[in-house]
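Chain IDs A, B, C and D follow the sequence of writing; residue 1 opens each chain.
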Amino acid sequence: MKKPTAILLLNCPDRQGIITDVTKFITDNRGNIVYLDQYVDTENGVLFMRIEWELEGFLIPREKIKEYIQTMFSQRYDMQFNIFFNDTKPRMAIFVSKMSHCLYDLLARYKSGEWDVEIPCIISNHEDLRYVADQFGIPYYVWSIKADHSNKAEVERAEMDLLRRERVSFIVLARYMQIISEEMIAAYPHHIINIHHSFLPAFVGARPYHQAYERGVKIIGATSHYVTTELDAGPIIEQDVVRISHKDTPESLMLKGKDLEKIVLSRAVSKHIARKILTYKNRTIIFG
Amino acid sequence: MKKPTAILLLNCPDRQGIITDVTKFITDNRGNIVYLDQYVDTENGVLFMRIEWELEGFLIPREKIKEYIQTMFSQRYDMQFNIFFNDTKPRMAIFVSKMSHCLYDLLARYKSGEWDVEIPCIISNHEDLRYVADQFGIPYYVWSIKADHSNKAEVERAEMDLLRRERVSFIVLARYMQIISEEMIAAYPHHIINIHHSFLPAFVGARPYHQAYERGVKIIGATSHYVTTELDAGPIIEQDVVRISHKDTPESLMLKGKDLEKIVLSRAVSKHIARKILTYKNRTIIFG
Amino acid sequence: MKKPTAILLLNCPDRQGIITDVTKFITDNRGNIVYLDQYVDTENGVLFMRIEWELEGFLIPREKIKEYIQTMFSQRYDMQFNIFFNDTKPRMAIFVSKMSHCLYDLLARYKSGEWDVEIPCIISNHEDLRYVADQFGIPYYVWSIKADHSNKAEVERAEMDLLRRERVSFIVLARYMQIISEEMIAAYPHHIINIHHSFLPAFVGARPYHQAYERGVKIIGATSHYVTTELDAGPIIEQDVVRISHKDTPESLMLKGKDLEKIVLSRAVSKHIARKILTYKNRTIIFG
Amino acid sequence: MKKPTAILLLNCPDRQGIITDVTKFITDNRGNIVYLDQYVDTENGVLFMRIEWELEGFLIPREKIKEYIQTMFSQRYDMQFNIFFNDTKPRMAIFVSKMSHCLYDLLARYKSGEWDVEIPCIISNHEDLRYVADQFGIPYYVWSIKADHSNKAEVERAEMDLLRRERVSFIVLARYMQIISEEMIAAYPHHIINIHHSFLPAFVGARPYHQAYERGVKIIGATSHYVTTELDAGPIIEQDVVRISHKDTPESLMLKGKDLEKIVLSRAVSKHIARKILTYKNRTIIFG
């Protein structure tokens, strides 16, 4: 059994003494620090920090920790922060369309216990992947979006009702082929993870493998990123590539790409679940 | 000592019997085939082929080979082809500006005998790298291009005179920071190799490392390609990448990128010297 | 619908005219060649070839093709060959122990139709993964091997009976932690694919991630290979690697490695199913 | 101009308060910290830290810093440490045999100012690369080691005299094909960097490319490491790999490998020059 811990993710203008102050606060209150990593963006003069300590014996009750940090550090250091507890599992909704490779990869990790996560629902605009949800016993919801998008707002309202009802904390777009509206993005800021099947910023938008084939590149990639209102332009979490050759066709690119997509998406989800990602100015800081 | 060989590079509409006909022609004339590779682009229905055979004992004199192939195959199969001889060294001109890493990499390979190539001249718009040319005893020519480009046409005429005089067969832009005019490109079609310091088509144009930093990518790349009139859009010969992290600054990206650039450029030059590259519809076919 | 094709895989001492003869034989009998690739191992003087042609309109009935090739080429060219038909699906048995990541990856591809393969059975020495087999509706057989291996011969006999009954054409060891006996290897020569969780030949044998951690490597790998009687020493089909750092523990290596293992294993299985692999002198020739 | 800094590299048993104490010590004495990174090996309970601060305004004179740290922390925390100053250039000796690629790569970086290093001498057992040393104006010393090694001890004594005279702080073996004696290793503990032309621990010893070819691997690598008395078994600093295929011969592996070797060696040398490497239990901790 894992021991319960608190995880503090913060960023603030870099000043001498912050690390000392924060670690002293935890130690003085009998918290045993089990992880500490920080990074200073010297260009922007910003400190980023992730610190994790055991709650057992910690003098401040867990429901008061946020308040204490707020009071003691937040104003003084102009600090933005989040507190998480390792025994509170994030609740992840998965959006899919017709392709199963990313969905299977996510569910296989979930089922095997690789991730500390709950998956209360899978949402789609197509019936195609219901059998996968059924295999894993996860509720599958379908709202079809009409070709003219006339019911899109209505569909998203229904989806957001479900997300609220299921207390979803973050969303994974596992090759979901629809554009997410600004409303939904605003409701989950930097909490919607997409996988784009190209090495962004190359080949934004539709049919990136065909674009890659046309351009004659020698390497293709996949990119997972947080969704923002600008298409395929949110903070990048993870990328990876595979070498190709003139012998590849758009079809073989798609096959090679599918392996990239699922691994790159799952790496991003892993980091998100472990609360190892901070975002700043459309870039991600990812702790090791 | 290498035995003299002829190298035939061809492409034509794919039809049954071409490979048979060509290999039979060589074998019947007592040529010993030492390399044969072909590739069919089924999308476009085009056959690409590279075949190399020993000239010793070959019944057709080397100066007649081109004529024979022209007569026997070219019209019949609507074939485009080139004949090279492995004992005719290509003559390579190098264009540089101020950074030495690619130039050193090229010259170190040349000097150590890794490449069957002559380097009659290095051309620059700056004096900065004359010392490198001097170290290797290669003539270094400087023509300064004015900031307003008012003398650019004149400079290029002088450069092209030199290239002709030195019977240069191809040009390598080793981090040469000027745009090549259409005239010079037309004079060396698919014979000017550039290194672009990004993973094309991402980050076309100026300051790609700064662009990469701003975008927050997790991998950077370098791309060698033949120069065409559209900037950074010619047929890609080789690409490679290296993983980066949020800790990297534009400066550290530049340092990591320099290693990529020189290796990616030299791989492309190697393939070009070995006559292993065919181009078709802005893509390269690269034989192994 | 795919058109039915025949696939000929051959190797023989390299002599002029073989490619011509074989392609002429097919063309003369009205076979439309859709794939041709060959490779000459100049070190050993051996030609390897893969040729695929459409059966529709082919003058020789499919059940006679083998005989014809035997008669016309086999002796004359000292040729070893195999004939496959693309509409005959290979039948693949999967052996597993307790870890599900490779099994899920294989079954997800199978279920989504990525592979032209049948999977009649999954075999294990543990009950642990029965639920995965159940999810996909594939029969799951358990024979427990005792710690002292006293019943191993008996178990393998039972397994081989099943394999024969199910007309299994090849076996995939998806992190099966038992050593296969010589008898079973002999029954499926170069038809048992294993995944080893290291970059072979580094870290042969047990606990390679711990070995890698101890040695302090900066990159770890995974290797898929055909099983031979020498442990972890059979012909390598595919390898891949991932960069690690001093921050990695044996546990994090295992997690990173699992992603490598499943992708590397599935790439090997893909190539095997597509009949793109030839073996020679403990090395594989893999057609593109 | 870079501002002068002090760099403290330390390791000690991990205890609460060390980071606080050390940073407080620097800050209290008006040192401006410009770099701080630490890593805790939880397996062994050891803290590793690299901290760099500006000397301008620092209250303790640079020649006293070592003494202060010794007094204040070393015993108390059972700390091992080293102090460097960024304006004291390390002095690097290069050992070579006959291949020039690594030597050129090192010298090109040196000459272009990429590295803060002095290179007072190049040492070889062959005359072959004197011309390279001459190109860069660096003294080149040759001591031939007889085939029977009868004069090896004598040669090493002469080499060590030179190294002492030239106040060499670390040694780079740039494809030097001789085994270094225990005496010389003892004189430069973890200060001799070797490049081995394989992905260690695969293919220890002689002719690794031939070993790789024989084994039929699909990826080859190169490894830079500190030299210890056990052959090719010292702490690994950096590794990298390149994908190969069945088409590669031992010769083409050598060519591809040379590019790996020089980049992997130079990355290691960069890290060493920047004092970013700590070693512990035959493993390296490499700060970013």
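Following the convention adopted for this analysis, contacts are C-beta pairs under 8 Å (C-beta built on N, C-alpha and C of every residue); 3 or more make two chains touch, one makes a residue touch a chain.
Fair warning: this is a prediction, and the values are worked out from it, not measured in the lab.
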- Degree value of the rotation bringing chain B onto chain C, based on Cα positions, nearest 5: 180
- Task: With over half of the numbers shared counting as same, classify the chain A/chain C interface as same or different.
- Result: same
- Query: Measuring centre to centre, with centres taken as mean CA positions, what chain is farthest from chain D?
  - Reply: C
- Report which of B-D and A-D is connected by more C-beta pairs in contact. B-D
- Query: chain A to chain D: how many Å between their CA centres?
  - Reply: 38
- Where the centres are mean C-alpha positions, what is the separation of chain B from chain D, in Å? 36
- For chain C, residue numbers touching 2 or more other chains are 42, 245, 247
- Query: What does chain C use to touch chain D in their complex?
  - Reply: 39, 41-43, 199-203, 215-219, 221, 235-241, 245-247, 249, 282-286
- Taking the complex as given, what residues does chain A use to touch chain C? 99-101, 104-105, 108-109, 111-112, 114, 135-136, 245, 247, 255, 259, 263, 266-267, 288
- chain B residues within the chain C interface of the complex: 16-17, 19-20, 23-24, 27, 33-34, 36, 38, 40, 42, 243
